[in-house]
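Order of writing sets the labels: A, B and C. Residues in every chain begin at 1.
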C-alpha cells in the first residue's frame, strides 16, 4: 500500500542524504500541523465566535503549561502509544489494522483474570503474569486478523473491526456473568486484583509505568523494524509481496508474527489500564483508546519513534478539552474537530514528500 | 432546553430559603457568602433528556446564586480522564467542591482524588460512601427514585388496558432492578394481574436497540412502557409513535409524548445542589451522606397526562401523600421473585435506607425477564 | 409469553426489525458500492452517515420539512464525499487512511454543530401502512414502512442495471478495474472517481437522515453505533453487487433485531452475545466466501482493500 513508506536510509547514502530525509520528515508534518491550526482557528472563530488565540493559549495551559498539565498529558498519552503500535507495526507489511480497541479490551480482561488467579503470589510475579496474559491474548486477537487475511483472504481492516465489536461483547458478557464480583453492584466488574499488585507510579510523578512500557515498546519496535533482518523482511513484504515470496520469505508467518506484536502492544495497554488504573476489568476498558491509537499511528506515519511525540501531542489536546469546556463553554466535540482537521491535512501533506525542491536529492 | 425556567427558579429560591434557615439569619448568611467554585462532571452529553440532563439542570439552578461559579465538563469517561478532570478543576480553576455525577467515578477515581486533595470536598451521586472506609472529605448523595417508579407503576397499572407493561432497561444492575421491581409492585398494587416485560439493551445509550425493544413490546400488545436508560428520548418517542402510553424517567419527557405521557419519575437535584452550595458558602461542614425521597424533595413526579383517569389519580395521590408524610414501605414481605422463591419473609419490612436493597438481584413476581 | 403469536413472534419480529433497521445499511452500502466500483474505498462513510443524520434533523427542525432535511443530508454527504475524492486525487495519498480521517472529522463536526439540535423535536418522515389487510397488530406494525426503504429497494436493481448495462456504468467499471486502461481509452480517471465518491456520499447522507428522521427518529451523539462502518463491510460481503447489498442489509438488520426479540419471548441469557450476532455472522460469511488464492468475483481491480 502506498501510504507505508520504507523510512530507512538506503545503504551507502551519506550524512547529507539522511539529514535531507530527516528534515523532510519533520517539516512536512509540521507544515500540515500549522495549516491545520489555522483552519481550526478559522472554524472556531467563524462557528463559535471564540478568539482563536485565547483557545490556543488555553490549550497550551491545559496541556503543557504547568507540571500538572504536562503530567495530565503524559498520562493520557500512555495508552495511546501502545495502541498506536497495534496499527503501526502491521502497517509495515501494508496491512491496515483498526482493531486495537478489541485487543486492548481482551488484553485487559485476560490480565485481570491472571491477576486474580495469581493474587497470592508476590506482586512482581502477579504483574509479570498479568502482562504476559494481556499481551498473549491481544496478540492472538490481532494475529487472528492477520491469519484470516493470509490464509482466508479476508480483508484485515474489516475483520479487525468486526473482532473489536465481538471482543467488547465478550468483555460485557463475562464481566456481567461468570467473572462478575458480586460486590460490584452498579458497575459490573471483575474482582479487584489487590492493591499490592497494582503497578505504581513513576517516582516523583503522577504518571503510571504504562508510559515507560510504551516508550520502551516503541524503541524496541523501531530497532526491530529498522535494524534487523526481521524488520527488513517485513518491509520487503510491505513493499512487494510477490518479490518477497520469490526471495523465499515466509510471508504468512511474517504477517502473523507482526500482527501478533501489534496486538501484544494493545493487549499490554489493556493490562496497564487494569493494573495501574482500575484494578479490575470492566466496561471502562472500552472507551476508545484503541481508536485514537489509529489516529496516532497514521499521524506518526507508522513510524514507531514518531508515535511518542504524536501521542503526547494528542494527549495534550485531550487534556486541554476540559479547560476549553469550562472556560469558553466550547462543546467537547471541538477537540474532535481539531483532531479530524489535523488528520485530514497530515494525510493530504503526504503528497508533498519528495516534491519539495529544497529536500530533493542533489543528483536527482 | 426543556428545562422549565420558572420551576427551577422557584426551586432555587426554595433552596436558598432552606439554606438561610439553617444559618438562622438570612441577612447574615447572604452577607457572609464567600466566593466558591463548584465543579460538575457528567459521563454523557448534558442535554440528553435523561440522567446527565437531570444533573445539569441541578447545576443550572446554582448558576443563579450570587458568588457561586459553576464549571462543567461533559462526556468524561470513567477512567484516568475523570481523575484528571477533577484535578484540573482544582488546580486550574480553584474548585472547592466537586460533584462527579456518574456511578463509575467513585471507586477508585474519586476516592483517589479525595485522598490527594484533603481540602477539597467531593460528593458523589450514589449511596456508596462509608465512614469506616472512605475519606472524610468525600461523601454521597442520592435520591430514592424507586418511590416515583412505584407511583408510575400505580398509574400504569390502572391505565393499561391489556395489563401488560414494558420496561426497557440498560443493564441488570441493582439500581435498575430496584426501579423495575418498584414499578412492577406499584402496577400490581393497582392491578394484581399486571405483568412487566423487561428487555435489557446491554448499554446505557443504544438508540437503535432501545427503539427495537420498544417496537417489540408494542407488537406484543404491551400498552404502557417505561425505561431506565441514560436518555429515555428514543423509547418515549417510539412508544408515542406506536400509539401506546409511557411513563418517563430522569427528567420530564411530556413534551416528547403529548398524547401518551402518563407521568414520570424525575430527579430534583437542584434542591440537593443548592443545599450543598449554601452550606459551602456559609463555611459550614458539608454533610457526608444525604439521601432522601419524595418527602425530602430529592425526587419528584411529572404532572399527570390527560389519559390518567380519576381512579388512577386518586390511588397514586393517596400513596404519594403518604410517602411525603409518614413514608411507604415498598419492599415488604411476603414477597416472591419471578421464579417463585421467597425473597422477603412475611412480616419483614425493608425501609428505603436499608442497605440490603442496594444489592437487589432478583425480579419480583409479575416481571417477565431475567437478570442473569 | 402467552402472546397470541407465541413463538411465531420471533420470525415476525426479525422480519419487522430487518425492514426497520436495514435502511441505513442499504443506503450506505449502495453508495459505497458505487464508490468502490470506481476503484476507491471511502471508509469515511461512518462520518458521512452521522453528518447526514445531524444535518437532516437540524434542517427538518429549522424548516419544518423532513424531506428538505433528507435532501440537505444528502448534500452534506456529497460535500464530504467531494472532500474525500479531492484529497485522494493528490498523488501518494492513501484512500483508506483518508477515510478514517474523514470518519473522525465528520463525526466531530456533526457532534459540534449538532449540539443545539439534541433537545428540539423535529418533524420526522411519515410511515406508509402496508399492513392494512391484516388484523394482527404485530403484522401491521411490522409493515409500517418508510418511503426511503422503498426507494432503497428500488435503487438496488437500478444501480445494478446502471453498472451492467449503461455506458456510464461501463466507464465506472473500467476506471475501477484498470486506471491505465481507462486512461488509454481517454477517460478522466480522477473525475470519474470524484463523481462516484460524491454519489456514494449522497446516498450515505440519506442513510443518516433515515436514522435521525425515521428510525429511531431523533438526533443524539450515540445514534450511530458503527452502522456506516458495517455497511462498508457489507459491500465486500455482497461482492460489489447492489442486489446482494440489499439482501445483506436485510440479513444484517434482522440479526440486529434478534437480541431484543429473543428477550421479549423469554430467552434472556447472553444478550450481549446475541447483540454481537450481526458481527459474528458477517465475519463467518466473509471467512466462508473469501479465498486467498483468487480475487473475489466482482472485485474492482484497482481497489486497495482487495489488492
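Keep this in mind: a contact is a pair of C-beta atoms (placed from the backbone, for glycine too) under 8 Å apart; a residue touches a chain by one contact, two chains touch by 3 or more.
Only a predicted model underlies this, so the values are computations on that prediction, with no experimental measurement involved.
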item: Pair joined by the larger number of C-beta contacts - A-B, B-C; value: B-C
item: Farthest chain relative to chain C (centres taken as mean CA coordinates); value: B
item: Approximate Å spacing (C-alpha centroids) for the pair chain A, chain C; value: 29
item: Whole-Å gap between the CA centroids of chain B and chain C; value: 37
item: Chain B, residues touching no fewer than two other chains; value: 75, 202, 372
item: Chain A residues counted as touching two or more neighbouring chains; value: 172, 176-177
item: In chain C, residues with contacts to at least two other chains; value: 115, 272, 275
item: Chain A residues within the chain B interface of the complex; value: 61-62, 66, 68-69, 72, 75-76, 172, 176-177, 185-188, 273, 277-279, 282-284, 287-288, 318-319, 322-323, 325-327, 332
item: Interfacial residue positions of chain A with respect to chain C in the complex; value: 1-3, 47, 96, 98, 148, 150-155, 157-159, 161-163, 165-166, 168-170, 172-173, 176-177, 294-295, 298, 331, 333-341, 343-344, 347-348, 350-351, 353
item: Chain B-touching residues of chain C, taken from the complex the two chains share; value: 1, 3-4, 9, 12-13, 16-17, 20-21, 115, 118-119, 121, 137-138, 141-142, 211, 215-218, 220-223, 225, 227, 256-257, 259-261, 263-264, 266, 268-269, 271-272, 275
item: Complex interface listing, chain B residues touching chain C; value: 1-2, 45, 47-49, 75, 197-202, 205-213, 215-221, 231, 233-234, 237-238, 241-242, 255-256, 368-372
item: List of chain B residues in touch with chain A within their complex; value: 71-81, 84-85, 87-89, 91-93, 103-104, 108, 126, 171-175, 202-203, 358-359, 372
